[in-house]
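Structures for review follow.
Consider the two complexes below, in which chain A is the common component and chain B and chain C are the respective partners.
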Partner chain A sequence: MRRAHHGWRFRATLAGIYAALVAMPHLLSFSQKEIAVFLVINVLVVVSYRLLTLTGEWSLAHAVLMGVGAYASALLAKRLGVPVPPAMLLGAAAAALVAWVLSFPLFRMKAFYFLIGSFAAGEIIRLCWKRFREPFGGPKGIKLIPSVPDVEIGGLEIAFFDPVNYYYLCLAVVTLSLVVLHRLEHSRIGLTFHAIHWQDRLAESVGVDTRRYRTIAFVIASFFAGLAGALLAHYLGTVNPNQFDVEAMVYVLIWVIVGGTATIYGPILGVAALTVVNEIVLRGLGVDQARPLVYGAILIASILFLPDGLESLGPKMKRAFARIRGPHGQP
Partner chain B sequence: MTMQLFQKKIGRRTFLGATAAGAAAVGGLAPMPAAAATRTVRIGFLAPLTGEVAAWGLPGLYGCQIWAEKVNAAGGVRIGDDVCTFEFVSYDNEYAPEKARTGATKLIFEDDVKFIMMLGGDTWPAVQPIADKSGMLVSTLLPSDLSPDTGTLIAPCEVHPIYNVTGVWWLADRMPNLKSAVICAQDDALGRPSVATYLAAFEAHGIEVLDTVFFDLSTTDFAPVMTSMLSKNPDILCLDTAYADYVHPLCEQAHQQGFKGQMISCTADFYEKIVEKTSKEFMEGFIFQFPDFDDPALGQPGINFDAPGEFYAEYNKRWPGEWGAVSWEYASIMDLWVQGAQRAGSVEPQDVLAGMKQGGVGKHAFGDAKWWGKELFGIDNALVGNWPVVVIENGKAVIKEMRNIPEWWAMHGDLLVKHFTEMGEMYHQRG
Partner chain C sequence: MRAGAGPPAERLGARLFGHNDLPAVRAGGSPSGSMIELLLQTCVNAIYAASFMALIAVGLMLIFGVMGVVNFAHGELFMLGAYCVVFAYADQSYPYFLAVMLGLVFVGGLGIAMERTLFRPVRDNPLAGLIVSIGLLLILQAAIAMGFGVRMEHIAPPTRATFHPFGLDGVVVSLQRLYVIVGAGVVLGALWVFLRRTRFGWALRACAQDPEAAALQGISIDRTARLAMCIAAAMAGVAGALAAPLVRTWPYMGHSVIVTAFIVTIVGGLGSLEGAVVAAILYGFVHTFVTTFSDGVVADIVGLLLMLVVLIVRPTGLFGARERA
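Moving on to the complex of A and B:
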């Protein structure tokens, strides 16, 4: 009974959040709508990154694999004339394929060595984009990438140049992706990821092929990162190697660390909170040049005072209220 | 961030009073009829104000602030039936395409700007669809952004990297005994076309290029880069269009590794600090392309930048040690924009563009210039004329000569096209 009640409350909360997300772009200014598009895309980046962290490994190649999806989708659409929606999926698949190839050398390493190895692998890919002007466009990258084609539904023309329409497209794609990732985490495979994270030797002793499961997590995470890259490329109309450099990766790490990785909504909280602070609050205050300083201070403060991320704030507050109310609900 | 451009400080009054008359002259101000309506025109400034490329954005915003205060103090400029004062609205694009797109959207649709000034480069392609759809006039400092499909983009001030030919041209005339060079550049959209230009210029003037070293943007240790360059034993070290964060350590390394030859670079931003880190003797004769505006050569007839000495003094008073390559450039673009708007009698972007290009000529900061670029960029949207050759003498930048870029192009244009093509930098080869 209690469990059913909890489930109903959860679904109602989720419905409320989605109603707010659907209504949100109509309450925002023009530039905030643009920020909302990039925020939704970044949500997919951080949540997909979390999937890999479930196995206990932290990669520095995630931003580059996002770039693989962006470049592949852009090239397929621009050079080969593949329609944009299938090009996006193929771009994501390309990122997964590259991750699978990288997994052979990378998963010979663990922990810190894997981290450094993934950084090196990512830099090799990124330098290839810079070095090989054909087909990657060199340092300037690729521009005039075809956008998602306009569609007409019942006489209503939907142009994806409009940030509101693109926001809804991204919201739909990201929601579907989150559902897949959520179900995966709570499947047998996901539980194995957790087991590998906390007790990899024990998991191996009972016959779990830890390397195989790490590869699965890496490939799936890269698929969704690639999808996020494709969404970005076809909206911006341009990709270049600098967009996916180590600085971009540092931002992904910061969002995930500040948000927390224990739950799927931790990284989402991280990216949403920091984007709002950086792009709306600090810009709104007119402190453009001081933003890196203020942003850095917020990060340090959050890591010092919320080491388990923003996601731990809710339970902490709940416990604090419980303490105030006493053991029998009396203040 | 919106700059309120009448910050009242006593120190500025002298400057404003002394230059108001000059501003009126530049702005073509006639006595204002009593009935003329006054309006404030908003101009967008969409450039990196933070991060590693900020040195080519932020000093330009400072320069615009001085420009606007001067023009506004003179009562504004008459455009059509209105008297216009100016307000700059800036947006830090962090040299990132997505931020540039967001910034362009904000400036055009929320701030109602009539013109946007950008650094360009990586950020322009993300802004292009917005500019095309809205018809917004945008300027870049990098003409390599130009192509036949960038009808609303102009390069009215800096024809980077084409003006670099003037430095090599002057060097070859003055020091004909120097016969070999090594070039280094960061591997990006600024470095590569600049390398193509230096290769063309060196070839045109009989200087052999022994090696070209590209380094990544993440490079922090320049000792191996310099060692590799010096191993070729060149007469000339060419630092291409390296960012200030690279030029400084490269010079330090050249100094530490005992280089005694000639150095040439596109920029030498904050060169006083390089002199401090090395020595006056080491930096003596260093050639680059961006003058200090207190240079007497800028007082000569034919220079269209109004009161450059006062501008430079005011700039240094407010932001000591911050004078750089772009400090005056965005302000000089505003002079050209005002000329275009006055010719058109309107501040609307397409009218101003037509006004600016009227007659195919414009009053560039360094002298009258022509709209050019079809052969190299596929569109005549770059304003090209004279450019100064600057040499460090006794720790101070000195203009040695103004040289004419179209004149060089007439003699050696084929070489520039050849090297741009080999580097994949022609407009039809890009992206």
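Moving on to the complex of A and C:
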């Protein structure tokens, strides 16, 4: 088991970022607080998506699997009266289960075929939500989903309809998930994912069951996507099939690609940067209709000019500086 | 998740996406039509749906075969073809067939531009090609939405003539649909002759089979890719222009088209033009019949299941021979 080794400087930076994240909602307007909640949930979506891309497969079912978590959790809480926190976990488990079932047909395919196959599978699930009013509520989806119950700690009442409190809840859940995902990547399993991505024949020849590891990555990624969906469902109080359509998936792809997938902070950087661009720049300019146009241009520009994502900017700049400073700066 | 993308996405999410807007899905006919009339009418509708799909799927396949890129924006090329008719025929009242020619030339030219600026730099990387085309899709949708507004365009059909092909009152086919069927037949036939009988066609097929070997024989891959992209885009543009008066013409009409085109290309087998035609006919019949006897959403589910089954049982499709990934 290889552990990622981090120096004190890294830890200090991380502590600083978290201090800023904890302080952040108090500096924002109400609508921005809501956006902060969505941002934290989206971070979990993109980081879990990256886990799957580690094995070299790109799925188009991730948004739908997020929806599976949302629908399952909402139905469990609303119809069966399951308390919300366990319902969320069960929703995530449902997404993982669906992914496991889908893995049988889907992992007979690779690369492009997997991409299209996952898209078809996801669309079938989504169309079923749309078609079957019972129990999925048809095109209008499920409404009046129970919210996370208030808790009382030492006389202090915490109500989760307040976006600030829900933000903290999401931050805690997502942080925990990120730790798990990070540990997983640096464990034996995670290293095998990398091996499958870069040398799939070689990995096979030394006895790695590549299909099994792809399935593991897909199931775990879907679990956390489902968790993100459940967090979203119980905050919004409503889910519908259109929330998880191709367009939602396209945005996940844009975030991940603009950020980069080599490190865990690449996708986070991508979703954070684009949310800031979206909320501050585009909303400030008031160009609502042009938004997809800007997103498309950003996507194309990042593929053509920054194919390794925002995360590669740091090392690139370092190298550029080293070149300016002269040969001594070279590693 | 949606909220991170902001309000317009919210609005887009609320749009009626029903993929069942493949044209001519409901058996029209007279209410008193007998079962045999309904069946014949459904067959006619299926032929129309198939010819329309074949035009798009064959183009998609041509791009994939020569460049290894899956053009997600192909539905938007179709949409642009339809908007050429909206602009030239409905707004400026030029003759209909002039508008169709405009769609052909304009979208074909756009195809050349796409090849040069977007697909050529990322030719060695299929995933990058896909992503770039998704970016283009967003741009084209937004551009049309801003230029024409997010609404359904009303296009008065250039002709209202109808036929009764079997001499039965309950079986009707409009002249406009016949345009699409005949147009698809002519274009596909011309393409077939072009690919089999001309030097350009040979070069194109050689590039699709083995780009490196073709390059060694002195075939310019850049030029061939440009040609393929131009032909494919023009086919999508013509399909859009011919079908514009028959379908819901609005900025997001490309979505259902691209979903269907994917199903058809996968079922037919990637890289096989004949497969695309056969699969388009198969899908046209299955989808139209299920829509007529059940409903559109079920037909979509059946279509997607058909594709999944083909992917599982025969991952290279009905006619696909080799894998290119």
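Simple rule for what comes next: the second predicted complex is superposed on the first by the 321 of 331 C-alpha atoms of A that agree within 3 Å, B and C clash if a C-alpha of one lies under 4 Å from a C-alpha of the other, contacts with A are read in each partner's own complex, and residues count from 1 in each chain.
Definition applied: a residue touches a chain if its C-beta (ideal position, glycine included) is under 8 Å from a C-beta of that chain, and two chains touch if they have at least 3 such contacts.
In this text the structure is predicted, and so the values were computed from the model without any measurement.
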| item | value |
| --- | --- |
| Clash or fit (per the criteria above) of chain B with chain C on chain A | clash |
| Chain B versus chain C as contact partner of A:262, first or second or both or neither | neither |
| Greater residue coverage of chain A in the superposed arrangement, chain B or chain C | C |
| Touched partner set for A:286, first chain B, second chain C, both or neither | first |
| Touching partner for A:191 - first (chain B), second (chain C), both, neither | neither |
| Touching partner for A:137 - first (chain B), second (chain C), both, neither | first |
| Partner chain(s) touched by A:101 [first = chain B, second = chain C, both, neither] | neither |
| Partner chain in contact with A:237 - chain B first, chain C second, else both or neither | first |
| Chain B versus chain C as contact partner of A:30, first or second or both or neither | first |
| Which of chain B and chain C A:12 touches, first, second, both or neither | neither |
| Touched partner set for A:38, first chain B, second chain C, both or neither | both |
| Intersection of the chain A residues that touch chain B with those that touch chain C | 34-35, 38, 127, 130, 232, 242-243, 245-246, 279, 283, 288-289, 291-292 |
| Residues of chain C defined as touching chain A within the complex | 1-9, 12-14, 17, 70, 118, 121-122, 126-128, 130-132, 134-139, 141-143, 145-146, 255, 259, 262-263, 266, 270, 297-298, 300-301, 304-305, 307-308, 311-312, 315, 325 |
| Residue numbers on chain A that touch chain C, as the complex places them | 34-35, 38-39, 41-42, 45, 58, 63, 66, 105, 108-113, 115-117, 119-121, 123-124, 127-128, 130-131, 228, 232, 242-248, 250-254, 257, 271, 274-275, 278-279, 282-283, 288-293, 295-300, 303-304, 307 |
| Residues of chain A defined as touching chain B within the complex | 29-31, 33-35, 38, 127, 130, 133-134, 137-144, 147, 161, 163, 232, 236-238, 240, 242-243, 245-246, 279, 283, 286-289, 291-292 |
| In the complex with chain A, residue positions of chain B that touch it | 1-2, 49-50, 58, 90-92, 95-98, 101-103, 105-106, 109-110, 122, 125-126, 128-129, 133, 149, 187-189, 191-192, 216-218, 424, 430-431 |
